[in-house]
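Two complexes are shown next, each including chain A; its partner changes from chain B in the first to chain C in the second.
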Partner chain A sequence: MNYKTKVMNNYNLDEAKEFDYVYRSGRGLNRKLVEGLSERKNEPKWMREFRLKSLSFYEKMRLPKWGVDLSGIDFEKIYYYLQPVKKTEASWEAVPRAIKDTFEKIGVPQAEREILAGVKGQFDSEVVYSSIKKMLSKKGVLFLSMDEAVVQYPDLVKEYWAKTVLPMDNKLAALNSAVWSGGSFIYVPPRVDVKLPLQAYFRMNSESAGQFERTLIVADEGSKLHYIEGCSAPVFSTASLHAAVVEVVVKKGAKVQYTTVQNWYKNVYNLVTKRAVVAEEGQMRWVDGNLGSKISMKYPACILRGRKAKGEMLSLSWAGAGQQQDTGAKMIHVAKETSSQIISRSVSRDGGRASYRGLVKINQGAVGAKAKVKCEALILDDLSRSDTYPTIVSLEEQSQVEHEATVGRLGEDQLFYLMSRGIPLDEAEAMIVNGFLEPVIKEIPLEYAVEMNRLINMEMEGGIG
Partner chain B sequence: MKKQVKKIIIDKKGEKVFKFKFDQDNSGTEMVVIILALLPGNYRIMLKIDHDESETKGKILVRAVVGKKANLLVDGLIRIKKKLKGVDSSLEMRSLVLGEKAKVEMRPSLEVLANEVRVAHQATITRLSEEQIFYLMSRGLEKKEAKRLLVRGFLGFFEESDEEWRKIETCLK
Partner chain C sequence: MRMSFVVKDLEVKVGEKKILKKVEMIINRGELVCLLGPNGSGKSSLMQSLMGNPIYQVNPEAKIKIDGVNVSSKSVDERVNNGLFLVFQSPVVIPGVTIREVILAWQREKKRLGDKFLGSKDDVWVWKKTIEEKAKRMGINKELLKRGLNEDFSGGEKKRMELLQLTLYEPRYVLIDEIDSGLDIDGIVVAAKEIDRLVKKEKVGVMLVSHSQSLWRYLKPDRVLVMKEGSLVKEGGAELINELQDKGYEQL
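On to the complex of A and B.
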């Protein structure tokens, strides 16, 4: 048994477990459901009103017509709210056995939990397990589920809530605003450096379970934070929907990195709105790995609002059989001397389609702004497709924008060289692909990077042999 | 394969579509598209690049000079059909903004449906570099001369007529 098959055997993601849900909403969406949901969560009045207002936006708006075909989603058939256990469990021991098993399968190692600052796992629509180290609370860092935050810190949440991604931004943001459930809320006080990456590990576990988590991160002046989210979902027979909203507020001089490792199962529609507003001398960095899902539409954005603000995006996409990865980034330069960089690497094979879609906009007054985009794509067979659709708009003559993209295939000379060294074809191919993705993978923390490499090897194994 | 260079000059306002087809006959051709968007107004240019046959090479260079209050949009799409092999295609779009309140939008796109190919594009939007002007001035050139030289360098071997140069020069002020 070679290394890869061993990994395959150990990495068993394909078993969906049955669960007893404490509460399950009916299929489909209406005003009553939203009111009931808000009531169950004991939310303040402003939140309920916000949900209902968002619902009316949702009903009026249309799905995006560009880019990707979303007609496969049947919004009537989705359960908008699922609650697997009654309360957020305080200790690991109290977490139900069945849920622990599933965590075991995703591979959140028990021992590693001690090292990881606060492991937050989202199981269906509720956070069931949370552990925050004392150190964090001593520093005044708030890290809790969004549902708890709304009840416990209503004023703080209200101050930043939906200021970055408005409900009328797009139909899916409106949907999320109406029925959101779960997700993380993080507040980092001024000049606090959160040295350990905060992690949220969640997965979906019910057929047609819509996941509408909502994450809000506020990094106060001069603070530092690295947040990681990763997910993997088991096999479902009908399409699921994941429509999350992530808002990040980067204040003066703060630095935030937001890393995503996305491995939804291949029937999930992953339609996510992510946006950060960056103040003076702040830095925002998105690292985004998209491996799974049927269709992904994700364009993390940075609005560089303060002088010398910096935005960065590192994106990795993998489009296998039946997959369409429509990903990219948006960088909006508003203030002087702002800079941004987008690096995108995509691989398509077995009929997959990987597209880069992005926007770099330099607004008038953004004197001395600099932006750089670099996209590279690999196509591994003649069934697959790769596209690049960047848009570059410059309204300020005192600025500089660069864009570069290439599409190509595996270098025959490279393959020949590796094979001449005695490496079989499939391993050589996997090696080159991993090397190609390296610039993005190296920015991902070790344990995730290892998982990514394994997944890529598995994907390679799946098709070529 | 012989390299041929062809030039297209666009200096009129309005919308224009250019189609480029590369086949065995014109494989290896380098096209240079020069856009002089010097007067205020809308300039919309669409470049469609297709390869009809396998083993063809094509290169397109776009050089745009944008003047005050000009609004320039350049679309550039390279499409590689299924089953094509050995195609090497590239599109390079550069624009130089000389005037204030100009708006430049570049949309270079790739749609690649074959794998044994190499396709690339590049786009930049820049202005005259203060550093380069300073360097040339330190070598004894007048500011005007320095700018002129840089614009000429940017446009390559394009031989502008006196009238065209006068227009560019008004933008440099």
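On to the complex of A and C.
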């Protein structure tokens, strides 16, 4: 059964396109849909039961009442499962033309695919293209779509599945647990250093298409991994929902960096649950750039469970017209001598609203724990807004928490100064904004950093002010 | 056409308050003009207004001419590209924006305007080298060039950075607002040497505000202008500096 859906896209990337869907569920969510979805994916019984149990949590739970207004999401109108092509394509040649075009237009050039260790593209709810270099399999690294992993490595997946983010964690995590589709599964064996960053590049492509990817990363003892997730989505006429769950298991002495460049179109609700559990001397670093979406709620967490575990969050948020970025981090210090750092920078403009919302919790017994929070906000005009909601709970006397927050406006004196160096007004503004964001941007891999700067400059040019 | 910087009928207000009244002045190429006056007399306001700081409202009849081109209604960056440069008394901090990025942004603008610009990749490296060489001459530590402009700079380092930019921009007319404050004696010597070179060798017209005697020990102005309560009230030769030093501004 084929469905044709017309997608309008005016983000100067491409024109109206048509896509074929092998399968599309009806709108709305029910038990039958979940069962059917699980069956189509040939899932083991435990996964089907997990989905159904999660669905019952979802039905009972309420949306968060704090922070942001989510009343614009009509859960009844969402397609919970889309399958654009029959199965994951083994080679690039086999990927349909329309999808290749899309990849080209969102800028995944051939060269990049060759350079990077593995490119996984998610088209709607299914991974349609995946390439894993020999290097990865030689080292015993597993990098595949979550759907494949459940079928091919059921025991390994089951061991870690939903142990970090439980389905009842929040309503959207429960929703994801019930209808998840796509996402990545990565396993890095002990002491293996995956030198090249692994990337997932995915894109939503259908009106009211819900995206519920599920990513699970397990970094075994002493291993090292950098995972990059970047996305762009076309403009839709009705609001779309993106509710992903990311779980990261950082074992003893392992180091993981998870970089996200989020550029969803400005009608997307981006409500993501990301959490890492970090064992002794392990290190977890979230780098999170939020440029797109209508509303984002995202607070990546590190649970520092082992002695000397380290958690870090570098967050960059851009809130333009009609956008609300409610972002931050959670650092939970459970063990002794754990340390964490949160650095957040936000820019709001043309009526956009950027909020930092964070939690640092130091449990009793986490002797010698150290936490540092530094959030800075830049407001570019009188229409825009920035708020800070830092929560610090310290139950251990022998610990240290530093917190620093500043909100500033784009300085007239800074503009005059740069203009007095021969730089026109609009460029001077963009330079000041880029300079402000630089501490986070410099932590993002070069090709994404360049893209980020380009997007920011585009936003600056497109602004009303 | 006369090669000079000419100001005529300049009146400046901030809000409702008139702070400069009927200012008329001239700076010729290759001339060093000293601007003196008591605190709050309007010296900095004059320099900021001439550069085009939007907080100063300039009367529409005013003429600010650079080698015959009236720039009084032109934007700040356009004035720079007409050959004017301002050395700030208190330069602001611009986090994350390095001097090299500033220079390259200015070069891009010049290219857009059709000015001669090599624009090749090599050029980026040529600029890097030029900046480093000149920085060395100004006694600026190479490490400072990697930071955002004036980010965690000492007072003296800020002033040396202003001097460095002054030499990189190669203007025809320069307004220098208290370059000496915050500079140590070595810094003052470097500043005096650079200003002297610009005036005598590059034939730049310079107007310089300075309260300190130390700078005038190394530099000899061609003319001295005295400002009081927003007006230029007196003009004379270099000897006026000593005269004012002895008698103060009260006599005027």
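Just so it is clear, the second predicted complex is superposed on the first by the 448 of 465 C-alpha atoms of A that agree within 3 Å, B and C clash if a C-alpha of one lies under 4 Å from a C-alpha of the other, contacts with A are read in each partner's own complex, and residues count from 1 in each chain.
Note that in this section contacts are C-beta pairs under 8 Å (C-beta built on N, C-alpha and C of every residue); 3 or more make two chains touch, one makes a residue touch a chain.
Just so we're clear, the structure is a prediction, and the values are computed from it rather than from any experiment.
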Partner chain in contact with A:Q414 - chain B first, chain C second, else both or neither: second
Touching partner for A:A405 - first (chain B), second (chain C), both, neither: first
Partner contacting more residues of chain A (chain B vs chain C): B
Touched partner set for A:F436, first chain B, second chain C, both or neither: second
Which of chain B and chain C A:E397 touches, first, second, both or neither: first
Partner chain(s) touched by A:I423 [first = chain B, second = chain C, both, neither]: second
First, second, both or neither for A:G358, with chain B first and chain C second: neither
On chain A, the residue positions that both chain B and chain C contact, one per complex: none
Sites on chain B touched by chain A in the complex: 66, 82-83, 97-127
Contacting residues of chain C [partner chain A, same complex]: 51-55, 75-77, 80-81, 85-86, 88, 91-92, 94-97, 101-102, 105-106, 108-110, 148, 165, 169
In the complex, chain A residues that touch chain C: 411-414, 416-425, 427, 431-432, 434-439
Sites on chain A touched by chain B in the complex: 362, 364, 377, 379-382, 384-395, 397-409
